[in-house]
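Each of the two complexes below includes subunit A, the first together with subunit B, the second together with subunit C.
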Partner chain A sequence: MIKKIAKRLATVAVAAVMVQNVASAETLEVGILLPSPIADVGWSHALVAGMDAVKAKHGDKVNFNVVENIQEGPDADRIMNKMVGDGAEFLLLGSFGYMNGGLKLAKRNPERSFVHASGYKVADNFSPFTAKYYEGAYLMGMAAADLTKTKKLGVVSAFAIPELISTINGFTLGARSVDPEITVDVIWINSWFDPAKAQDSAKALLANGADILFSNAQDTPSVVSVGEENGAYVFNLNSSMKEYAPTKYLGVVKTDWAPFFVASVDAHLAGNFEGANQWLGMQDDVVVVEDWSDDISAEMKDKIKAKQDEIASGAVHVYDGPLTNQAGEEVVAAGSRLEDGAILGIDWHVEGINSPLPK
Partner chain B sequence: MQLRFEKRLHQSKIMLLAAPFIAIALSVVLSCILLVVLKKPILLTFHSFFIAPFENFYSITEIFLKFGPLLLIAQALAVGFRAKIWNIGAEGQMVIGAIAASAVPVYFVDSTSGWLLPAMIVLGALGGMAWAAIAAFLRTQFNANEILVTLMLTSIALQLLYFLLLGPWKDPMGFNFPQTVMFQDEALFPALFSGVRLNVSIIFPILFTIAVWLFMEKHYGGYKLVVGGLAPSAAGYAGFSSKKAVWGSLLLAGFAAGIAGMSEVAGPIGQLQRSMTSGYGYSAIIVAYLGALNPIGIVFAAFFLAVLHIGGDVALVSAGLPISAVHIFQGMILIFYLSAYAFVNYRLRVVQPVTQPDSAVSS
Partner chain C sequence: MSTLEFFLAGTLSAATVFLLAALGELVVEKSGLLNLGVEGMMAVSAAVGFVVTFETGSHIWGFALAGLSGVVISMVFAVVAITFLANQVATGLAVGIMGLGLSALIGREYESRTITSPADLVIPYLSDLPLLGPVLFQQNIVVYLTFLLAVVIGYTLTHTRLGLAIRSVGEQPSAAHALGFPVYLIRYATVAFGGLLAGFAGAYASTIYTPLWADGMIAGRGWIAVALVVFGTWKTGRVAFGALLFGMISLGELIAQSMGARIPSQLLSSLPYIVTIIVLAMISTNKARMKLHAPFSLGEVYDGSEGR
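== the complex of A and B ==
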């Protein structure tokens, strides 16, 4: 027992942070670090909503310490350190940019558990998690194909990272599964949150002939509002923004992190948390598509429903061959399927996307 | 009765010393009101800000980690400010310094040479100076306002950073995320103690402070610089060059900011990434003024601001304060200080309105 305490104190000393209020045995201290304001919509909002399920299940046995709107960088590392110093046993790190600092902290504190959004590094007590947005985006592509007149779809997107590239590919594959003449234009704005730039980009896409907009990983409703104002259908990721486009909202590819967070916290409490790359989709009830527009034809709705069931059951995969890249070369042959590893690191666009991928 | 704001004959020494304390006192009072409105614990908040940063060794080293770049840049900026050269683009000079230094580990990924770090220091300094030199050139050749030029150059520096991170310098194994490779150990400053982030780069601000103090207080060049700024024509008659003052103070700031940027990527960050300045280039302006542009005052100001920052981070976690409240508190101190500082050179005087003699009317 004393040895255990000594070991624990030693670990804390290595982390060299003050233990102000060591968590009592009954209460699990949870630290939540978020890159943007929680607000009413968007990324951080979805993460917190997921953690609410943990609270609902465990009640007073968990205590949250939420720090929002923290820029990635050396200050974020200090705040994580402080959370651990204050007794956090389970940490949710809500941004890719917290990866290296978070991983170092995790290695110094092997008895604490970490879940980290959007990264790719794994440790025994450090799980990166990502949603298979492309599954939902595929269905949105089908709906877009049903409603487009110009056969041109526009995407305003944050960073050209695999998570978002694979989502745009999924959207394009879904649309072209209905109508192969459809093409997609993408504008990369290199920001998760830049309302002015997002708005300008959305308008540029409309001016270029697009009549459906996809707000890819934007933490602002700007693109959605532009869609409503200009009569273009629009959808987004993470949480519903229907109130910003009451008549032109195509739907939302929602992330419900609750099942994953609850499972992770339970695993931590049971002492069997194991770091692994957590890549979650419809099968895991993490990717949920809802708030469908009433303008989608009944026939298409049925098709979407059927496809949704097939994807959720695993019978069909968005990245089933044959798949062709922008250069027209076959990447995945008919009858085979792109491996998970290849999707997680994807750096190419499928045929039908006009815009080159920033290299 | 009337109040009049008039210039003092001599600077008030009492106000000079009292100003920072008045500023802190007023900020504390106003913050209490803010905290009550926000329903946040007042005592815990002040404990977080002013006591918790000193409660353990790690936290103290973190104060010095913040203190270093603030001190380095503020000392250089203050020299320019005393010469009335308003370089507010240290942030951009810092970014370019970091970029220039990062070229070494980015292009020599596998090198374990002991020359990596010295090369990075030199490149960091040169990078910052080159960026500041643009503003100096435009100012001396075309009389372009250096406030605008240095500020705009900061935006350009950031775009250059984003371009490199999204393009040629992107970590090939980094899944397209906008960041470079993690630097090898040989490209990082060794930590001063095990388990902390404070590293040997803290020596730069200390040496630089001594150098600036000697230059400004003991050297004729420092006097020339100040005169050149205060009275350019007088300086001209005396044979002092105002062009030299512009070049000198901008290059000095570029040098300091470049080293500071380099120390961040080769220190706590360990790679080049999008957010790497922590806003030091701007905070250093506050530090320079909070320290009354005096090399010794700036040491205290930098330390104070570093404590306030570490305390702010503690308050976020321990007192559950929102980050905006932390920023408001930090901003209040500056505004109150600058207001209080006005009374060093000015005073309020009660004057009785002169009553018109009746005779003037009747005659």
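== the complex of A and C ==
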């Protein structure tokens, strides 16, 4: 038994030495730090799937060091420092809370490149990236309007931060562009991670009359499976959960990070990586809407497709005026458009959302 | 299902998670031990219960092995705290943290998978009653059994010789020893029982209440269970009442939001904890009453070899 263990340790040691050798031979070491476990679905899964495209393009020339399920905080700082110490030249930091530690590290290591999810701080070698989820959510709203009978839509949402608020607004605007009588209920569970609470929230929304559910930034299929069980159409963000709701899946607002990651790694390899706020949407092929339910009418599908093309081409913007807030006051006048900065920091709900916004 | 029906029926099923774990911890504390590892035991058994149910398709096996895993983890606590006389708070915390890590490891390959929960046990005729029917007579069998168990435990602790033995061990272990009670044995047994119920609570959470596995899904419910025991001043009926109250508050928060209540959701989210603090403060103002119900030797190390 001890012999066996010793043997195994020896193999590991040899393997480690080999990895070191390979590393020195012109391989790009990539460090990937993720806030949740890489499951078959969800946020971390979508990030890794994007990096797989980098692997597919560069093959053995890139070597990934993936560390998953790391809480935001000192532990994350320690691990990203170690990644750099181990020779990582390109780092993907997969959570908002890695921002300050990551930025410090980037400033100390100007020759290395960093991409950081959901943040807003920028440096020459540090690019935050966010998806314009609201673009896809708008189309989902149109589909929901086509299928709802109660004209009540429900949203289970994590925290009231701009990224999530703007997505709910987009969803509502899309639904009400089809049927202005539609209203939206939102439950904030104030947690990224509490599947039980998410499921109870979904059931509460259904009990209150909603017949379409939006799982906003919930990484597990909690809400999606409640939809299937109770016969309510449901959609979510980041990666498809159709297998959890085979008959009631409305679709997914998917994030395909591959184009952005490939471009960033290529830029790093070419030596011209430039830190910038990367706010990516349909135009960039990052926000992709797919797995549409077959129950959506053909007529609505055509309308959605047309709207999708208009948004992707930039002809139409989700936050085109006139826009009214919950209190019924006009915030954006007809003919003008809400600025990017205002969307990135949005702290108000559009008309049609019943629930107050926690401040 | 109307919102009111959902609220009342949901309260019972939400309370079951708290009550199962709290009943176990109650028995443990009655015997004079403080096991703070409930959260970790629940996490491990939630993972085990989910994996077993996922692989075998049998909820019964899931519950059985989850209960067993709860017992195994609780024995780590028992050996260190009872036999090796270690500080119970530190040991419980360590076991709890170990359990959280272990659960992530066990559930690694099953992250975000789902299973179907078993059908509710619908009691014929009674379930047709308006309001009361769906609330009281259309629940999962585990819900019925848990509330039945509360009655059994309450009776056992107060009216039987076994209950007397457990209580005397918790009040004054050296006196209990002198009377001929096997102090260590009784304490091992209560800890194992606590582990078993924490295991069932975990399995209920991951296979019936929220039939999916996700790392960290117990999300503090084990801690609420520990708080409930104090909340209920070590009395079974009050612990059950507390569990219902907590179920009601945690669900009421979500329903209030869905109905568009103009209350900040952050405040609603923290309500269960605020209520705990208020009640604990209220209870402890009356020191005499607190002392009357708390096991006298709770949390104290008992070295059985000294008296011999």
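Convention: the second predicted complex is superposed on the first by the 335 of 359 C-alpha atoms of A that agree within 3 Å, B and C clash if a C-alpha of one lies under 4 Å from a C-alpha of the other, contacts with A are read in each partner's own complex, and residues count from 1 in each chain.
Everything that follows uses one rule, which is that a residue touches a chain if its C-beta (ideal position, glycine included) is under 8 Å from a C-beta of that chain, and two chains touch if they have at least 3 such contacts.
Quantities reported herein were computed from a predicted structural model and do not represent experimental measurements.
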{"item": "Touching partner for A:N190 - first (subunit B), second (subunit C), both, neither", "value": "both"}
{"item": "Contacts of A:I161 with subunit B and subunit C, given as first, second, both or neither", "value": "first"}
{"item": "Subunit B versus subunit C as contact partner of A:N208, first or second or both or neither", "value": "second"}
{"item": "Partner chain(s) touched by A:V41 [first = subunit B, second = subunit C, both, neither]", "value": "second"}
{"item": "Partner chain in contact with A:P356 - subunit B first, subunit C second, else both or neither", "value": "second"}
{"item": "Touching partner for A:G321 - first (subunit B), second (subunit C), both, neither", "value": "neither"}
{"item": "Which of subunit B and subunit C A:N69 touches, first, second, both or neither", "value": "both"}
{"item": "First (subunit B), second (subunit C), both or neither touched by A:P259", "value": "neither"}
{"item": "Set of subunit A residues, in rising order, touched by both subunit B and subunit C", "value": "69, 160, 190, 358-359"}
{"item": "In the complex, subunit C residues that touch subunit A", "value": "1-3, 5-7, 10, 14, 17, 104, 108, 111-114, 205, 209-212, 214-217, 219, 221, 250-251, 254-255, 257-262, 264-266, 269"}
{"item": "In the complex with subunit A, residue positions of subunit B that touch it", "value": "52, 55-59, 62, 65, 162, 166-167, 175-178, 182, 195-197, 264, 268-271, 273-276, 278, 310, 313-314, 316-318, 320, 322-324"}
{"item": "Subunit C-facing residues of subunit A, complex", "value": "36-42, 69, 154, 160, 185-191, 193-197, 199-201, 203-205, 207-208, 210, 219-222, 225, 244, 354-356, 358-359"}
{"item": "Complex interface listing, subunit A residues touching subunit B", "value": "13-18, 20, 31, 65, 67-75, 77-79, 81-83, 86, 96-97, 100, 120, 159-162, 165, 190, 344-345, 347, 358-359"}
